[in-house]
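What follows is a pair of complexes built around subunit A, which joins subunit B in one and subunit C in the other.
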Partner chain A sequence: MEAITAWWQGRSAATQDVLLLLLLLAPAILAGLAVLRGYRPYALVGAMLWRYRFTNALFVALIAVSVGIGVGLIAQERGLRKGTARAAEKFDLIVAAPGSEVQMLLAAVYLQPVDVPLLDGPTYDAIARHENVVLAAPIAYGDSFGASPVIGTTAPFVAHLSGDLAAGRMFAALGEAVAGAAVPLAIGDAFEPAHGVGASAEHGAHAGHALTVVGRMQPTGSPWDRAILVPVESVWAVHGLATGHAPGDARIGPPFDPAFFPGTPAILVRAEQLWANYALRSEFTTERTMAFFPGAVLAGLHSMLGDVRQVMSVMAVLTQVLVTAGVLAGLVILTRLYARRLALLRAIGAPARFVFSVVWCYAAALIGAGALLGVAVGLAAVGAISRLVTARTDILVEATLAWPEFHLVAGFVSLTVLLALLPAFMAVSRDITSDLRS
Partner chain B sequence: MTALDLSVRDLVVTGEGGRVLLRVDALDVPGGTRLGIRGPSGAGKSTLLHALAGLLRPASGAVRWGGTDIAALGDAARARFRRETVGLVFQDFLLFEELSALGNAALAAAWSGAPRRAAIAGGAASMLDHLGLSGHARRSVASFSGGERQRVAVSRALAGNPPVLLADEPTASLDRASADRLIEDLAGLSAARGMTLVAVSHDAALHARMDRVIDVVDGAIRKAG
Partner chain C sequence: MIRTVRAAVLAGLLAAVPAVAEEAHGHADGDSHHEAEAGGLRAVHAWTRATSDTTALIFVDIENGSDKTVSIVGAEAGWAETVELVGFQLKDGEPAWVALPPVPVKAGTEMVLSPDGLALRAIGVKQPLGAGEERNIEIEFDTGHLDMVLQVEAADARAHSHAGHQH
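This part shows the complex of A and B:
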């Protein structure tokens, strides 16, 4: 057993997946070889399929929907997990006032507005001046334009988020903005932000504080694609606060003067070394500050989602078991429709195993077609739901079918074609003369 | 093909609750004979035919074709006997509508090994040709008339060149002209092949072409003609 385990673990992931698929399909393949050996029932099976084609199509559709839901649920959950993880991967460490890490994760990474206490200038200064910190970006939010939140931050953080800009240049003055990849503004467009976000936003509250788009970010696959990024000083100034610099100092960006720093709900921190991030988290986890890894918080959420995934998987399997039971009951009824012709076959001398093979092959054809169509249904459903989730959350969800879904389908096919031996057995156990007279 | 004598002794077929459906003390039919069976509906004609075909297992008695008592055989052996020895024709043809005439006639090829498969396919084509359907062999039987369908059914029954043909009301679903043609075909084939033909029918024209006719009444043979 240990040797087998060691051999298995020595195989690549792709090899393991292929082998597992074959292993799961093996019962169906072996049953098929055993049942069909020496016979050619295909013309008869084709005739049976065609004779009640609409009923058969209904069965195939039923199986397809069941399989599609099963594989779609699992693929979608994985896609959502990957999408949220990708959206957070640029955020190494977040420092905020003590409170809920999840709430701050939602606010800073996924741009869900939330009221939290602010960190003051000395705190920011201590973080920004730390020898291991290469990037410490304050953020400021609360304004919007249409569906796009206006986020104040620093140019280095925009560069960190986007890499090279897709078009234009980085903001360099208070009235300039860089649009996220999905913002419906062109370079050169000017707009006045509303105070607040969503339906309660106050339009005209910031009249006279027009912003002009000077650049566009690369797509990030995160809600930041929908954001309009401006110098943090711009947000502070619009709200009548100090700009982080001494009066008369027109610079934008760090370093900020702690005496004129109006506060920030979160500081997005980056260190060059992984160990340094851990050290910074430890150092800035104090009575006045909370430091956390967004990835770790997300992992906790995903762990909870993992439990949900297991429940979903069980539900998918249960759904398929129920459908299988329905299909088998239906197959028994369908084979009764063919009872007279099956009796004819037996009357004219067909071996019982041949008649058995006809019924089994017929059932396997329905199941196989349903499973294949189910994969297509799952693929289409996953694509549609992914687009919907991406449109609603701006988190790029690229869900697609992968090996676990194919394993699920293979297991379903094997289980059901083995169970299909039962109606086949029942079909050859019927009384020939009664069926001939029916 | 060797003609097989039929010998039935003390045959009792029972139905639900042990009710006696058919009792035949003795029936002997030499190989190559054309035997007609007639009688009122529900008298037991078809039950007798099913017993002769080995489609049912009698409660007691013997049904010997040649030296083989098929009443003593198991299900698989009786199926093999039917496969190798008996051709069956039914009142309502029992064809697969979705298959061609040749597909129906050569049905047995689907469960036969390669050498026999070829023989059955050849026999089916030959029978269709003999019965005037060679030009329609590839057509779906769904478009066939009743007479044509029954000729396809006869082709299916005789594709394997069996020594015995059992027919259950073969002309009942046909118009007179088609029935007469079928009767000619059955009589001609029986004579040409030396084949034993047993036909259950209400059709006097069919019985007129038989060598011998028996009456079955109330589950027993009342008169041997």
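This part shows the complex of A and C:
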């Protein structure tokens, strides 16, 4: 057993997936080989399928919907998990005031603002000057324009998030802004931010502080696509605060003067090396600061949601078991439809095993067609739901079918075609005489 | 060999740091072996998850109470072929572990090795790890080793069963 385990663990993930698929399909294939050995009932089965085509189509549709729901649920959960993780990938380490890591994750990465104490100038300065820090960007939220949050930050952060801009140029002055890929503003458009976000945002609170869009970011697949990024000095200035620089200094961007740094709810910290991020996290976890990895917090949430994932998988299997039971009951009824014809077959000398193979092959054809169509249904459903989720959350969800779904379908097909042996047995155990008289 | 080196390193640390080095067993009722301490360096609550796999992640809280930066290098355990320092990453939404060079722990700070973070990865685990069992481990620093007992928690555990206690 240990040798088998060791051999299995030595295979690549792709090989394991292929082998598992074949293992799951093996019962169906072996059953087929055993039942059909020596017979070719395909023409007769084709005729049976055509004779009651609408009833058969209904059965196939029932199986397809069941399989489609199962694979769709699993694929959608994985797509959402990957989408949320991709959205957080650019956020190596976040430093904020001590509090809830989950809240700050939602605020700084997914732009769901929360009220938190601000980090002061000396704290920012200590982080920005650290030998292992290559990027320390304030993330100052709180204002908005329409559905777009206005985020104060620095040009290096915009470059980190977007890479090269899709159009225009980087902001270079207080009144300039770079729009996310999904912001409904064109380059050259001017707007006045509202104070706050959502329905209760105070429009006109920042009158006279118009911002002009000078650039547009590349799509990031995250809520930052609908954000408008401005120099953090601009956010401070419209709130009547110091601009992070000594009076008379019109520069924007780092370095900031700690004495004139009004504060920021969060700082994105980036190091060149992964090990340095861990050292930084240890160093910046103090009584006054909280440092956390958004990816780790997200993984923790995913881990807790693992139970939900298991429930979804159980639901998918349960749905399929229920449909299997329904299909089997239906097959028993369907074979009664053919009872007279099957009795005639046997009366003219067809062996019972041939009749058995006809009924089983007929059932297997319905199940196989339903499962294949179910994969297509699942694929279509996953595409539609992904687009809906992306539109609602701004998190790019790209759910596609993968090995776990094909394993589920293979398991379903094997289980169902094995159970289809039952109606085949029942069909051949019927009394020929009474079936011929019926 | 390791123990000889450790003894030599600890002797050096003792000379440099006036604190008394000890494999700490500081529970009031004398039953705790969840911590180890030497030269101001303290490791608490080493744990792993029950598994029959040949790899296992090990987590522990490390406090550097000394006056100098100490780097965590890795660990050694008789029940595994090697133990290396690894860091957690989400790659395309899937968890991944990357081997790391020594990670410094500055004086007066704490380094928490935890799920979805920094961890020690035991490779070539010789026997399945059962929940409730204990294993010995030597956590390796650039200044020496700390011997301590590793608690095997449930397969889905997210923390040491004594997490939140100060021992």
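Everything below uses one rule, namely that the second predicted complex is superposed on the first by the 438 of 438 C-alpha atoms of A that agree within 3 Å, B and C clash if a C-alpha of one lies under 4 Å from a C-alpha of the other, contacts with A are read in each partner's own complex, and residues count from 1 in each chain.
Note that in this section a residue touches a chain if its C-beta (ideal position, glycine included) is under 8 Å from a C-beta of that chain, and two chains touch if they have at least 3 such contacts.
It should be emphasised that the depicted structure is a prediction, and the values quoted were computed from it without experimental measurement.
In the overlay built on the shared chain, the residue A:A47 is in contact with subunit B alone; subunit C does not reach it. In the superposition on chain A, A:Y39 contacts subunit B only, with no contact to subunit C.
By the touch criterion defined above, A:Q9 reaches subunit C but does not reach subunit B. Of the two partner chains placed around the shared chain by superposition, subunit C is the only one that A:G300 touches, whereas subunit B remains out of contact. Of the two partner chains, subunit B is the only one touched by A:R341; subunit C is not. Of the two partner chains, subunit B is the only one touched by A:L436; subunit C is not. Using the contact criterion defined above for the overlaid structures, shared-chain residue A:P351 touches subunit B, although it does not reach subunit C. On subunit B, the positions that touch subunit A within their shared complex are 46-47, 50, 53, 55-56, 75-76, 79-84, 86-88, 90, 94, 96-99, 103, 107-111, 113, 156-157.
By the touch rule above, subunit C contacts subunit A in their complex via residues 53-54, 87-90, 92-95, 98, 100-106, 109-112, 115-118, 158. Residues 38-41, 43-44, 46-47, 50-51, 340-341, 344-352, 354, 432-433, 436-437 of subunit A are the ones that touch subunit B when the two sit in their complex. Touching subunit C in their complex are the following residues of subunit A: 6, 9, 78, 81-86, 88-89, 274-275, 277-279, 281-283, 285, 293, 295-300, 303.
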